[in-house]
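Following this line, the structures themselves.
Note that chain A is present in both complexes that follow, paired respectively with chain B and with chain C.
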Partner chain A sequence: MNALVEVINLTKIYEKKKIALDHMNLTIPRGKIIGLLGPNGSGKTTLIKLMNGLLEATEGEVLMNGHRPGPQTKNWISYLPERTYFHNNMRVDELIRFFCDFYQDFRPERARQMLSNLNISENAKLKTLSKGTKEKVQLIMVMSREAQLYVLDEPIAGVDPAARDYILRTIITNYNENATVLLSTHLISDIEKVLDEVIFIRNGRVILQDTVENIRECRGKSVDAYFREVFAC
Partner chain B sequence: MAWNLNSDRPIYAQILDVIQLRIISGRYRPGEKIPSVRDLAAEAGVNPNTMQKALAELERNGLVVTQRTSGRMVTEDMDMIQTTRNKLAREQVSEFIDKMKELGFSKKEVVELFERMGGEDA
Partner chain C sequence: MLGKLLKHEWKAVWKVPMLLIAILMITAVMAGLTFALPIWDSEWVGLPLSGIMLICMFYFAIIAVTVGIMIYFAVRYYKNMFTDEGYLTHTLPVTARQLLLNKTITMSAWNLIAMLAVVISIFVFFAIMILSLAPKDSSFTRELMETIRAWPEVLKSPYMDGFEGFCIGGLLVVLIGAFSNSMMLIGAITLGQMVRKHRILGAVGAYFGLTIIVQIFSTVIMIPMMVKMMDSSYYDSAYGAQSPFPILTSFYFLVAGVSLVLGIGLYFMSEYLIRHKLELE
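On to the complex of A and B.
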């Protein structure tokens, strides 16, 4: 099959002429766990929002299975935004029903299993949960869909290292072999062992797309160390 | 023998070392079934494709064999396990000797020190 996502000449210029994406070209394959890496302000979140149809491109396009972002592609993509968007007065079990209503591919039993593994009560109101626990709940919801593409914007930034390990294990064991996970993060050393590929972006352009093993083989250093070298300030 | 995958070497090579050690030390016994790629990947916290690559490499060098029906098993060829064990031992010793050379020890001094310390242990 052809690529899952194609980014073609994609350009986004915000007001006041701030260029966030600059004629970006990128192909995202199926069945991979891919890290989207770049310094602050390099365009990671802009790219992710364009993939999810939350922004309009200034020029170029992003295609998923050959389709522009729309209701159809939203059925295929499970998206974790960088901020939580749930209503604070909701309980966790209400959230599960909410996701059941919204997404045909949502698997409530999977979500309940993960919530119980992380000792999160379904009766808890979201506003009573800590910031990190809220992030865990949101990630559980997103990973409990049978999507073709999981797009996770900074999924582990706010959670403790033990939960981080659990979440990464969940990503490894839960995703189906034809699905792709695209995740942006700064915590490269925590995450590089679970990645197939990494994409480095700078100033709205892709400067490298390669496998983790190839970088280690050819550069003799971890992706984390290589990132620090490439983006040294 | 835990998954300590912190060096800058390719991850599959580090995984391979761990599994090899588990076979040599008898944690995975000859003829025993090896856990599935997914289970091992989850245990080690690595990408399943990377785990797959390490196991394929072990299959290529013969320490692990694939049975069509029952998945991957440790080889029952004891000679092969012994050969691998000796190879790893030689690597360890030559690494050790290199380090001692850096410290300015002659081979004779190394042997003397080794015997003296071995004596203390006994």
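On to the complex of A and C.
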């Protein structure tokens, strides 16, 4: 079974009848780095939240290895939200212990190595760190797991270009070959070089799912250029 | 996993309530000690005023411990479950039941600790006050020991019939009250999340709404009990050297029963809402 995640007829309607996802169907394979791309309000974050069980679907379902979101799928998914979500009073080393306790696949030595590479002290309290450093700590925690699926929502949006390179290197070097990385971002040109596949979303529907190689060969342009063409205002 | 959740929750929360309890105990001792000082007869009004201020501080510390600790836990519950921190809480590989049990157990336990701390602080305050005001010879100690020795005899009197049941009832009210008070907050905050655009306002509204419903419901349930208490035959027997404890015990058991049903109802409502209606912003 190659499909890691199956999105079946998934619909999410918020209050005031705002349709975020409209009968979406999608299959996410194993062992790929996939870009989840679309303009603001296209439904990327809603899809990600539904995969993580942070929202209830209005209709349809998301299945990971055949299971609906729950404690079991949360063991398989390593999720980086688009916001700072750790308790500000925690120290970095407390965070490592916290992840060790709850995620069997967490590798503390890997986390410590990355923290050391970025000169982030384990004794530092999160509230003393800058927003960018907090985001790096979050990414380190998420990428220090041996998960089956890494879901990264805007992982490079809030950091400087130098840190972006480090983060992308971190993503590429820290996931195992059988795992999939689902990357949602607007900064396509920065991540294009690491992607295997892309999914374009518009108005809560998938309008394209293809390999980066195919897009370059068949369309004769980069993913970034093609995205601008498809989503031109 | 529940054990791990409890371990991390306890580690994260103990400092604030313990600080408040420490302040309470210090103010209890200081307020009690004012009676040992010769300030009350002072001609300068500032000294007795300072004593009164210290006693007021003790009173405010009691409020800070009882109300403050509950507010602290309510805010923490809201932040952990329904704000950005919820992204961590709800992506842990645990069930909604484990998450909610963790919060309920911790909040109830601290509610109970707060009540216990208040009782101890009042005891400390009065003990220091009595010892300070008591005659300095041995007569006070002697009288105190005699009163303690006479207690078993007092318990045998017909006025004290059913006193043990009354104590058990009181204990049940306290224990179940710690749980149901916590569930009132948890239930109201969780219910408030259904008002998606005004979640805090929704929680506050839900708390007042729940309180009013509980008050009305309790009053309706208590009416038969009150009627019975006002019944002339009861008063006749009460004045006729009969113990008031049996009727008070049934009152306590009724309160405990209502609180338990309320707490359990709110627990399952909250669990249902977290499991099926969670929507993080």
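Structural remarks
Keep in mind that, in the parts below, the second predicted complex is superposed on the first by the 232 of 233 C-alpha atoms of A that agree within 3 Å, B and C clash if a C-alpha of one lies under 4 Å from a C-alpha of the other, contacts with A are read in each partner's own complex, and residues count from 1 in each chain.
As a working rule, a contact is a pair of C-beta atoms (placed from the backbone, for glycine too) under 8 Å apart; a residue touches a chain by one contact, two chains touch by 3 or more.
As the structure is a prediction and not an experimental result, all values here were calculated from the model.
Of the two partner chains, chain C is the only one that A:85 touches; chain B does not reach it. When the two complexes are overlaid on their common chain A, residue A:9 makes contact with neither chain B nor chain C.
After overlaying the two complexes on the shared chain, residue contacts for A:168 are found with chain B alone; chain C is out of touch.
By the touch criterion stated above, A:103 is placed in contact with chain C alone, chain B being left untouched. Contacts of A:75 after superposition on the shared chain: chain C is touched, whereas chain B is not. Looking at the superposition, the partner that touches the larger set of chain A residues, chain B or chain C, turns out to be C. In the superposition on chain A, contact is made by A:196 with chain B only, not with chain C. Within the complex formed with chain A, the chain B residues making contact are 5, 8-12, 38, 41-42, 44-50, 53. By the touch criterion given at the top, residues 32-33, 165, 168-169, 172-173, 193-196, 212-213, 216-217, 220-222, 225 of chain A touch chain B in their complex. Against chain A, the residues of chain C that register as touching in their complex are 1, 4, 7-8, 12, 80, 84-88, 90-95, 196-197, 276-280.
Looking at the complex, you find that chain A touches chain C at residues 14-15, 49, 52-56, 70-72, 74-75, 77, 79, 81, 83-87, 89-90, 98, 101-103.
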